[in-house]
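Let me begin by presenting the structure, written as structure tokens, before commenting on it.
First chain written, first letter: the chains are A, B, C and D, and each begins at residue 1.
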Amino acid sequence: MVGGGRDAFIGAVHRIAARLDDRFELVSGCFSSTAEKSRASGADLGVDADRVYADFAEMAGGEAARDDGVEAVALVTPNHLHLPAAREFLARGIHVLCDKPMTATLEEARTLAGLAAASDALFVLTYTYAGYPMVRQAREMVAAGDLGALQLVQAEYAQDWLTEPVERDGAKQAAWRVDPERSGAGGCISDIGTHAFNLLCAVTGETPSALSADLHTFVPGRRLDDNAHVMLRFDSGMRGMLWASQVAAGCENGLRLRVFGAKGGLDWFQEDPNILWHMPHDAPRRRLTRAGAGTGAAARRLSRVPPGHPEGYLEAFANLYSEAAVAIEAHRAGQPVPAEVNFAGTADGVSGLVFVDACVRSSRRNGDWVTLDV
Amino acid sequence: MVGGGRDAFIGAVHRIAARLDDRFELVSGCFSSTAEKSRASGADLGVDADRVYADFAEMAGGEAARDDGVEAVALVTPNHLHLPAAREFLARGIHVLCDKPMTATLEEARTLAGLAAASDALFVLTYTYAGYPMVRQAREMVAAGDLGALQLVQAEYAQDWLTEPVERDGAKQAAWRVDPERSGAGGCISDIGTHAFNLLCAVTGETPSALSADLHTFVPGRRLDDNAHVMLRFDSGMRGMLWASQVAAGCENGLRLRVFGAKGGLDWFQEDPNILWHMPHDAPRRRLTRAGAGTGAAARRLSRVPPGHPEGYLEAFANLYSEAAVAIEAHRAGQPVPAEVNFAGTADGVSGLVFVDACVRSSRRNGDWVTLDV
Amino acid sequence: MVGGGRDAFIGAVHRIAARLDDRFELVSGCFSSTAEKSRASGADLGVDADRVYADFAEMAGGEAARDDGVEAVALVTPNHLHLPAAREFLARGIHVLCDKPMTATLEEARTLAGLAAASDALFVLTYTYAGYPMVRQAREMVAAGDLGALQLVQAEYAQDWLTEPVERDGAKQAAWRVDPERSGAGGCISDIGTHAFNLLCAVTGETPSALSADLHTFVPGRRLDDNAHVMLRFDSGMRGMLWASQVAAGCENGLRLRVFGAKGGLDWFQEDPNILWHMPHDAPRRRLTRAGAGTGAAARRLSRVPPGHPEGYLEAFANLYSEAAVAIEAHRAGQPVPAEVNFAGTADGVSGLVFVDACVRSSRRNGDWVTLDV
Amino acid sequence: MVGGGRDAFIGAVHRIAARLDDRFELVSGCFSSTAEKSRASGADLGVDADRVYADFAEMAGGEAARDDGVEAVALVTPNHLHLPAAREFLARGIHVLCDKPMTATLEEARTLAGLAAASDALFVLTYTYAGYPMVRQAREMVAAGDLGALQLVQAEYAQDWLTEPVERDGAKQAAWRVDPERSGAGGCISDIGTHAFNLLCAVTGETPSALSADLHTFVPGRRLDDNAHVMLRFDSGMRGMLWASQVAAGCENGLRLRVFGAKGGLDWFQEDPNILWHMPHDAPRRRLTRAGAGTGAAARRLSRVPPGHPEGYLEAFANLYSEAAVAIEAHRAGQPVPAEVNFAGTADGVSGLVFVDACVRSSRRNGDWVTLDV
């Protein structure tokens, strides 16, 4: 693991996710920006001191030189370090699981995609929400034509944790997210807008061809957007809206996706993730439950316990790790990744940065419609 | 009543609304486009035959000539008849309660506003949803500063009844709404978008200064928009989104308003109208119930039964009539309308048409931001 | 109307309910226990002074003597006056709409049933909740066998308005309800337990044959029960539970009914009355909406506006009045009441008192199972 | 681990729960009733073959003899094996984590309690639902007096998986649960009624002193109850109801607890476990979210991710394991278990069997009130 030391948030999530299905073991890491902090975190986590490194290049080299060196690494640093860190591991054939967004800038994303393509190692991007079983169910239903031709997609991701200027009060999680040097040109649109974007693409199977965006910063002095309003158009004729906010008071982690086609709609809300509403046209709404009656193979494959026993965010994250484990095992055996396995890769990562870039460009041009150059 | 004969929808709603609080009596009407149908409807409704008229001009004249002529008239026709009908009654000092939107075009709206200003009679626009007690509660809380400075408003109104081309199958309610001659230049944006617009203005106390719209027609051959995506800006710095759709499969009458300020948010959904969610920043959500603990004078004033005993759409509509009754009684007594009484008038009506006009203009210019010329 | 003067609650509800569908007109009344108060209330309500009476016997006589005397009367007094008042009107062939429970005691109920049987006039008991369209939908589905053989019924009615001894603080509505002289031997079990009982009988089409009850008074000094726990057995083999409480802090008007059969279940909650959940065994839950897709004739017949436009408590009450109007018109025409019309009568009224009596007897015998002597 | 081989359900849950917080490692087991199956399961789970045993006595002996023998064992067998298995491990000072209910019979429970008291080892009973953070929040609020004096407790646990006689179709999970030899005298009341019972005792801090039960078997030929209706009385004056069913069509894992005191109520539902509703008397309902604003130390201590990121059943289970880990570490260090740690032990286990025994006795005596002989 690179990153994820004391004070970090997502690193601990990755570790639980990796452990949950017992397919990964944490044996090495470079957990912080200083060697001392990294050692302290490594000790906390029970990692042998000789496999705790001061920086990621050293780690990549050290592990590659060992017979029992790591087979895969998780990158859980701020965005701007994803490219340089991934470069080191990919160059040595070590598989990379990387937190989203893929990089801080679109240029970096394209570079990283090239490095991954040139490497024999796998690159897995951990877009958490695509790991939820009922998101897979939604995707499966759309693909099966249950909604008919898609017409509308309404995505939103509302949080409130940046309602006040917490970055000035020492909130480490906030500080790097509102800093263009570490986050890139997008604030909220990059941090959570990309999640909503990835989710809508994953479920609909389509990527917008054009968008019009109105990014805004409500908290005085903040350098990146903390709210984003976006209108979307797709080549298929589908249209959509995306709202991402980190200043929506009273909203915790309100990621919601609605998709409507000529024959019906779907509604999924991350805070109640075991439920997927199916709204067939001219029939009563159906409340699908995770692995419950009426669900298909995609959702059941990623469920651990029966319906009525809630699974949540950590289980969704663990699903990404388990998908990666299956892919890695197939890779090790020289076999193709099984067809039912699904995870985000560099194409999805580039797509996310293309989206952020388009939002920033459109917003700077006062909401002109711009094309997404994928 | 003008309009509201057999096959009509909203006329029956107006009649129940007028009756519910026992402050109006139906004694005269011109219920349909032909004299014969009008007579038949009048008979159904128990109106004396000599007070059933063949057209609205005849009715205005006939009633004005009677000692016991109507004091007020309800206009429940398609949009393009609102102006000519209102003209006749206002000219004779008969109060007008008019269904929304005020007219088919902005020009007509301005003309009607002028006529109403020149008349001694009252003009009341029945924007239904502003009659809900918990909408009044929301308005009261915003005005009291409970949310702090407003930042965001997210409005949506999703229906599905035009998902298929029902206007070609003889659906009378659909036919005129998708006909530019009778509806004006806006379809969905005019029919229900104006409801969402009025609601957001009523609650926030602000009107957008600019918008960017993407109107779209999904059903082939339909002549007006059946889906509208709009981004909003306000002089105060508030920003917003508005989505109106009549092709959102599985949505019945999904009008929802969320407002966020620096100190908290509110969430109201028309299909569960007795509840208003208050989301104070950094405190648990509070579930306010109509006339329940924690609600104020505005909501209690318009409630008939205790909390837990649901009131609905007809009661909200009846509140508009009862507000009008109070205003009419004050007018009759030569007194000002009491301060707590609140109903939409010509300014709100013009504002609605300004909104529709701006949406149409922006959409025709590919979503350019246009100002609302109020 | 008998009762329903100033300070009363349910009288106003009856008046709105009677007016909503325009099939009744209030022309006479005896609104309070004193002539003076009755006159004042009559004046408030716009009733001619010569048709406002000092007591119900005088009213029955006076109206019967007029050519334009009332055709029907609504009794909205405390329970102990239902029998003597109904007696006067039934004896004169005036139809009676009576608030629930039918009487204060089982003996009175049986007497009243005899009087009604001997009269040509109709007797209608206004068990409000049976007037909700989705309760009719539930009843229709059970009768059609959609749930298979019924096994379980779980009814609850939780309120909180008697959590504190408000009867001592001058709350008129509370005072008579906790007074055995005016309410009878049951407190909460009579006031709202009978509603839950009527609802479960109406939906399942079955009446319990035996019960075991634990009635309790939580507020010190209160003379009647304010909480009731009851277990139920039915001859069919069905079993059930009923909980009624007026001391459940935070509950407004929480009447809920769940019914389970071998093939599925139903769930209805009065505070969200436009929704009926259908839970077919081994299939996703179906969210049925009032008059929406998948609902049948019984619910549609009693709906006024499209799905998504909430109807509520007053509309449910109005449905009872409109059912009565149809029955009265049929009676007037010498025809049978149409088969689809449904309202509670004396049998249901007696059944409610049998239930209260059984609960009181069982509870006094420490919860022994007692039979319901219907 | 004892039990939890192929085809088992709860064994896998225990393993994930043990792993999630990285405080346990699975190194030994006796996973099935035959040596061969046990070996196969051990191989699946990556346990060294020399630490996979044919029976639990052999395992206890074998592990106790090793320097690196297990420190704790999880018992996840059918109920009747809990006592004999626990006996072996407790006798050797190996800590026991035992699935609920503690044993098949009350007599066994008392025996096991005695053995545990005589052993130096810890005995932890995994009543899953007490591990949910918001259950801890509820408990904390009750203890702090936030609800005032408790008056009512309404518990229910509704499932549908035994609606049909699945035990005859080879459903292994069903077969032992409806078999008195392996389950004891209670069916549904033992399998899930004890969960509801433990939950209500844990939250209220009170144990019923008397109950009246109506156990029933709906599926013909089934030997144990599949539905239980119970009324409860407490020495404090509190009263309650408990409903447990495995034939409630359409219910997945519907464990719900409501508690009402003179100053307010609480409502928690297992299928939406991150939410706890607080219903203060005469104030709006408060929606408390796991680790969110307004929650206390008890809930935050057991949370891993921020509010809005759902945790579920596996996390609740993991909390039990982590509590046990803390206790075991304290034990190892010769220190007392920290005050904030909370898990069920033999007293709770005996209490559960006392409850089942009382329900069976009461039901056999036609619902007579019987005392709980704790």
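Rule of thumb we're sticking to: a contact is a pair of C-beta atoms (placed from the backbone, for glycine too) under 8 Å apart; a residue touches a chain by one contact, two chains touch by 3 or more.
A quick note: this is a predicted structure, and the numbers were derived from the prediction, not measured.
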Of all other chains, the one whose Cα centre sits farthest from chain D: B
Length of the line joining the C-alpha centres of chain B and chain D, rounded to whole Å: 55
Distance between chain centroids, defined by C-alpha means - chain A, chain B (Å): 42
Euclidean distance of C-alpha centroids - chain B vs chain C, Å: 35
Junction residues of chain D, two or more chains touched: 251, 285, 289, 292
Chain contact topology (line, ring, star, complete or other): complete
Complex contacts: residues of chain A adjacent to chain B: 147, 151-152, 154, 156, 160, 163-164, 212, 214, 216, 218, 227, 229, 231, 233, 237, 239-241, 243, 245, 247-251, 258, 260-265, 279-281, 285, 366-369
Complex contact set, residues of chain D against chain A: 9, 12-13, 15-16, 19-22, 46, 159, 251-254, 270-274, 289, 292, 304-315
In the complex with chain C, residue positions of chain A that touch it: 278, 282-289, 292-294
